[in-house]
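Following this message is one structure expressed as structure tokens.
First chain written, first letter: the chains are A, B, C and D, and each begins at residue 1.
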Amino acid sequence: MCRIAGACGVDNASNIVRRMLQQLQHGGQEGAGIASEQDGKMFVHRGFGLVDEVFRDTNFGRDLPGRSAIGHVRYATTGESRRTDNLHPFLGETLGGPIALVHNGNLTNFQALRTQILKGGHVLRTDSDTELIMALLGNGPSLTLAERLMRMYGQAEGAATLLALAPGIICAGSDAHQWRPLVWAPYQNGFLFASESRALGLFGIKAWETLRPGTVIEMTQNGIKTHAHAAGGPCRHCVFEHVYFAMPDSRVFNEHVGTARLRMGAALARRMPPNLDVVIAVPQSGLVATQEVSNESGIRIGIGLVRNPYMGRTFISPTQEARELGVRVKLSVDDTVVAGKRVGVVDDSIVRGTTSRQIVSLIREAGALEVHLLISSPPVVHPCYWGIDTPHRKHLIAARVAPEKLAAELGADSVTFLTEGELLDAVGDPQGERHCTYCFTGKKPVPTHYLPGEENE
Amino acid sequence: MCRIAGACGVDNASNIVRRMLQQLQHGGQEGAGIASEQDGKMFVHRGFGLVDEVFRDTNFGRDLPGRSAIGHVRYATTGESRRTDNLHPFLGETLGGPIALVHNGNLTNFQALRTQILKGGHVLRTDSDTELIMALLGNGPSLTLAERLMRMYGQAEGAATLLALAPGIICAGSDAHQWRPLVWAPYQNGFLFASESRALGLFGIKAWETLRPGTVIEMTQNGIKTHAHAAGGPCRHCVFEHVYFAMPDSRVFNEHVGTARLRMGAALARRMPPNLDVVIAVPQSGLVATQEVSNESGIRIGIGLVRNPYMGRTFISPTQEARELGVRVKLSVDDTVVAGKRVGVVDDSIVRGTTSRQIVSLIREAGALEVHLLISSPPVVHPCYWGIDTPHRKHLIAARVAPEKLAAELGADSVTFLTEGELLDAVGDPQGERHCTYCFTGKKPVPTHYLPGEENE
Amino acid sequence: MCRIAGACGVDNASNIVRRMLQQLQHGGQEGAGIASEQDGKMFVHRGFGLVDEVFRDTNFGRDLPGRSAIGHVRYATTGESRRTDNLHPFLGETLGGPIALVHNGNLTNFQALRTQILKGGHVLRTDSDTELIMALLGNGPSLTLAERLMRMYGQAEGAATLLALAPGIICAGSDAHQWRPLVWAPYQNGFLFASESRALGLFGIKAWETLRPGTVIEMTQNGIKTHAHAAGGPCRHCVFEHVYFAMPDSRVFNEHVGTARLRMGAALARRMPPNLDVVIAVPQSGLVATQEVSNESGIRIGIGLVRNPYMGRTFISPTQEARELGVRVKLSVDDTVVAGKRVGVVDDSIVRGTTSRQIVSLIREAGALEVHLLISSPPVVHPCYWGIDTPHRKHLIAARVAPEKLAAELGADSVTFLTEGELLDAVGDPQGERHCTYCFTGKKPVPTHYLPGEENE
Amino acid sequence: MCRIAGACGVDNASNIVRRMLQQLQHGGQEGAGIASEQDGKMFVHRGFGLVDEVFRDTNFGRDLPGRSAIGHVRYATTGESRRTDNLHPFLGETLGGPIALVHNGNLTNFQALRTQILKGGHVLRTDSDTELIMALLGNGPSLTLAERLMRMYGQAEGAATLLALAPGIICAGSDAHQWRPLVWAPYQNGFLFASESRALGLFGIKAWETLRPGTVIEMTQNGIKTHAHAAGGPCRHCVFEHVYFAMPDSRVFNEHVGTARLRMGAALARRMPPNLDVVIAVPQSGLVATQEVSNESGIRIGIGLVRNPYMGRTFISPTQEARELGVRVKLSVDDTVVAGKRVGVVDDSIVRGTTSRQIVSLIREAGALEVHLLISSPPVVHPCYWGIDTPHRKHLIAARVAPEKLAAELGADSVTFLTEGELLDAVGDPQGERHCTYCFTGKKPVPTHYLPGEENE
């Protein structure tokens, strides 16, 4: 989980990338970084914190000069050490010159690749899969950057949407199945790239292309060339991008996220328990679907849960005192909205169930007569191997508790999920031909790929 | 504009105050501070930034020990220097011992008081009105803290809701008319105080008292005593607290903020232009009213404006590049929600009009057929002298543009305001006996008070 | 203990003060601050750390504009809280306008003054004597800054060498007896002031005046005026400035510090034990005297003790582990210099004796045959009440141990002190008419002054 | 230029390394880092600044656990980017497990090695020679760490004294000729290592071994093994370590630094101009030799130059204003010491000559009759390729100016250098069999080694 952006052949490239990363900040708040290139020299600045914090003192023209730049916001994964080494862009020196790399996704043949690379005598610095990708870009002095990337895609399995910057060139690459999104569009005399279309929208761009699976796009001053590096499909877009990760005003995989969420809400409205008095959202991701539930059902919408917008990111050390306060530090219930009511609570998904249970409990304490959970996706029953930070199967409540006991386990009067079919309808793929639904269904997106730990699930 | 909190006679007082300040963070993001008292010694920590940032490295038991503490979050007022001296709590050494003070509000006889105090030979350190309050608490070694506060209230005019901490005692005080809110409740063997009830709610407190105008409450280990320092009224509660400033799940001045906003939305629904296709909120403060407009009118609600939750606070230096991007850096339009539609845009108020004009323009660019502004308060036509950061009258768009030209000036097809009566109904004060509406009406809340700059308005 | 500097009526005044403070950094490493004035407005920047650290990001022209400025470096006094409030310059708002103040010294009638000021109803913010001086500068709108200072000197007893900045004027003031030094000289069209002459030397100034006791110098664009505020003496210059505090290349009180230390070394050479093989200095303050001991006696000089120049300032938290390493972390012995030798160890003074004892022990461990302490001042037997950070009498080793037992107590073979007469000769005041020697002799510098705690010594 | 330290098999290893790095801080003030190992897991903390600053908030037991650790202080080399990537320890992941590495020295076949490694398909992250060393440690899963190091030494030419940490083992390695020093000694049940003996002295260690050229020492819980990886000589110890770089109370290459400097001073005393009135040191490195000049010649010693101990490290941005103040900001002259005198000024070496010229000029301005430079080494006429930060030959004053014109060029009345023979005598190697004197003589220490840029000198 993270977001990437790039600008090629435009004025103030690094500052434009900064602005795009601000629009993608929801995709990662742990750290950020930008690399730019000028006259064959690579510049980089990375740090922990929000984009605004990391680049607070940056003089973009002086510190990150040049007309091409790429950037990354990083999502904090539990337990990983906060080593600067793990922040993107990764820099690599090769015989063919320097390369900078930002990567969104997760490789599934990580262990095999790593062993192969180490056996080749390479010494790695981190246990990041991005460093493996970089390691596969070395050698072959006569190869172009695009050719190196295509060679790499022949070896790496899994999700690897990326941007690579080298002197005079930017390449955007997608693995064969494209779990993670990327859009791009012409801008000035060059191009902009971003994980989500909202970042391009900031610059008034209303039309863009979606990177195709199995391709590497190469941009230089001579224009743009597209290379196909694999059979080019089938698409295995991550459906969770629409469920939770992307912003509602973005388009990813050629589909508008907010519209997909409206359809999810509409589907919920058709199947939810009757006689609800009010529907409320678990902020923020549940809000679009909640509104559509209300629009479609005529049931009143209310703000029953208020999120503290200033908490969370810095809420690092879970002390005993903090655990006792629990979710209330981040989320408070407005009893005037729920007391004496049959309440429908709309959330995007249930993973561990811990937060849902606390929320149901808080709403009951505030005097609700009934609490019904309305989830705008199917039950999550498998971990993700392509970059979404879901826990091991044993921590997934829907994997350990039988469906008919789930409401009781969560303390709710009922819990309504979408079916796989409803979700696929919502994202415009009724036959499920283009999306990865592994976390909901266990259907392997690429049957021949090995999944690490799958046997232990 | 700011928020205050206190804890008296309870374990971990300073940490509890920290937690309450986190719940009041919306009231001020420039800086924060807490003072505590133990064995007659005063401890204090203040800094610039969010509560989480200021207290990131604080060991509360060691750095802010004791069973009584008070705290403050500060709102950044344009143009003021970022001097630590201006951060609350203010500390004062007097013959009677040390005092710490947090203050919410603004004195109207600031200049006269300041001259009087300086004539008395005092040397002040800042141009803060809180320092004037502190200066009025000196001398009178035989006076109790409450008596000093009452003497001060005899001299200071304007808004001064405050908490004062001295060895063995906390006092909560309100000026005679109570522009700014404060609630309090027993907790453990002591008491908690906060500007808004949501901060008490964090600790499971569901019942509380509202500080009465013209009183000073004195809390010691011997219990609680209330002193009346003035005629005790009439109330002149700030109606803007309900319109914009307080959080919707709070109660202030004995009225639930969210409920007041629902009533504002309902009033808008009755008077807004017919034939709208969708209503959208200007996030975040417009959201409650928007939902009620939809609930009452049956018109669909949508998320047409998406706010970037990570921007704003650090968006300090308005460079040329930033000005060109303008409001889009903070707010993006979702064209799928507004294109081809007659759109109602709900906002809480219009002050300068700059942002409203930009928002209308963005929505039109995104393809809306019509844009109608629905404002859940009357036009702001006067500055505030009691602590809300409104600009000079010449910058207030509704003061400079005739009502019938306002929509055109804002680029909108229409603009609907609430009437004073509708607003007062919404806050449960139909006769306007208890609220200050000066910014909307110009009615002086206390006719005999001098207002600085009033003659130049 | 601290140092002050000022620049009046010169270009880049604040930056010049910064440069002078760097030259005075030995006088205080805890914090630093500068205030400047332009067009009647006061600017200030203060912080903890070295001058270089505090002003690392300062744009002097923008942040501290104007042609007059004053500054201060602060010495860390044990146990005091690190509150920004305690950093100089102190700012004061008076009826006559703003004042900034830096102060070197310590008031002896602090408690009486404080009570008087608090009884006057003033509320103080700190327990600093500088704030008392500021409090005494209030009121009297028709008084000039110089007149206010003279009124203050009529009330404050003790050491108060200071610089005060107000719009259009800088005043330099000395108490009647001038414990702390200040020199000044014309520069460009204005004037520079500094605690020690070396700060002026940086700007090529080779001739300067010494501020006379009992005077206030007033500098404006109309030139310079000197006011006498008291009988003007007798001088009671702090002899410890020459012994330890000032830098050897400075002149203070019209006497060159290094030359005074040479005379101290020469006196030691006349009285020290015979048959020493080598003399070594306790760095850094013992170095000048050591060289002269060698020059005069012909005994070889060696670097037997090597100080770690990077330690000390940040050596804050004395853990058990740090205590065991002890003085060795800061100071190491070179055994090749001392092994098998009769060693003379030259230090400037003995206060608590703790470090001396450790040093003697280290030198013995390194194989010295004999260790003789040569102290270039008399035994310290009283605390200082005028600004040197000496401990209570009970912690002064020479006050609690009989002279004949002192060497044994320190583990040394002998300890040689200067007599009061030799010290006074060294500073060019053989009759002791101009220096305060209270710490060495207990002779009250001003018999009529009350000394706090004197009765408990 | 840098210093390294390690602790193997001892309690609190990382803290002990911290303490040793503090004693070696003179060897590098730009940055510091420590890596430790526990249960096969590697921990690391690196940062810019002094050891005290980098580890101010470090909890050694928690953040750097384990009984083995290595550390490094880094010297700031002009022009290099301040990338964290360049700070030691370097971490490497190999098939055989993780390795941490600290390195002192400079490889001479850097370019050839780099090309070879990149041709092997490796992707490097920096242009550091330490990363090349790390890259040569990969592969060979059955090889021990010592065997890997020996394989590496077969390929790397130049100076590479290093410490490598892997699970259960620390290796100390020297290249075949040992330009850079390392000493080690048993401590508790394990071992300590440090660039200079003074770091061991802190722990009371008075006897130690010197790492032999061409060896790798391997330390595990089974004890210590020494491996010879090359012909083992001849030694080519850097003579500049004695001239300038090491601390005087250290032993390096089995020779005491201070004693070597005494001999340099004695040699100067025999050849310097007659009739000097006083000798003064350029602090700090000239001090030992100066004292011996005085001891041997009977000429008086004085402190004519006073260094500001707080300047230098943070004196980063050389503005116009700073250039005008020049060396005076760091160094001031005491005119009482030099005025009217024939002054001998002792310095350790002359490289560019810029500072020497400024110093001579300052001393003349202060009234000296004559200024004679006494340099305790021969003229520097070649750059160093083994780790001392000397500039290109064209910037070396003694390489561009004829010997007879050098005094005039420096503004001095005379300049006296040591001969090569005197220097070699001073370091106890009269035949020059064990030291590299390339910078003074141009004699290639290893005739068969290629020196980068040698042809362009």
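The criterion applied here is as follows: a contact is a pair of C-beta atoms (placed from the backbone, for glycine too) under 8 Å apart; a residue touches a chain by one contact, two chains touch by 3 or more.
Here the structure is a predicted model, which means the values were calculated and not measured.
Visitor: For chain B and chain D, what is the smallest step count along a path of chains that touch one another?
Guide: Steps on the shortest route: 2.
Visitor: If you average the Cα atoms of chain B and of chain C to get two centres, how far apart are those centres in Å?
Guide: 49
Visitor: Could you state the distance in Å from the CA-based centre of chain C to that of chain D?
Guide: Spacing between the chain centres: roughly 36 Å.
Visitor: Chain A to chain C: how many Å between their CA centres?
Guide: Chain centres of chain A and chain C, defined by C-alpha means, are spaced 61 Å apart.
Visitor: Which chain C residues sit where two or more other chains touch them?
Guide: Chain C, residues with two or more chain partners: not present.
Visitor: Hey, which chains are touching each other here?
Guide: A-B, A-D, B-C, C-D
Visitor: Across the complex, what residues on chain D touch chain A?
Guide: Residues of chain D touching chain A: 44, 83-85, 90-95, 99, 115, 118-127, 134-135, 137-141.
Visitor: Per the contact definition, I'd like the list of chain A residues that touch chain B in the complex.
Guide: Answer in residue numbers: 12, 15, 19, 22-23, 25-26, 29, 50-53, 56, 198, 201-202, 206, 247-249, 256, 258-259, 284, 287-288, 291, 294-295, 298, 300-303, 306, 308-311, 314-315, 321, 325, 328-329, 332-337.
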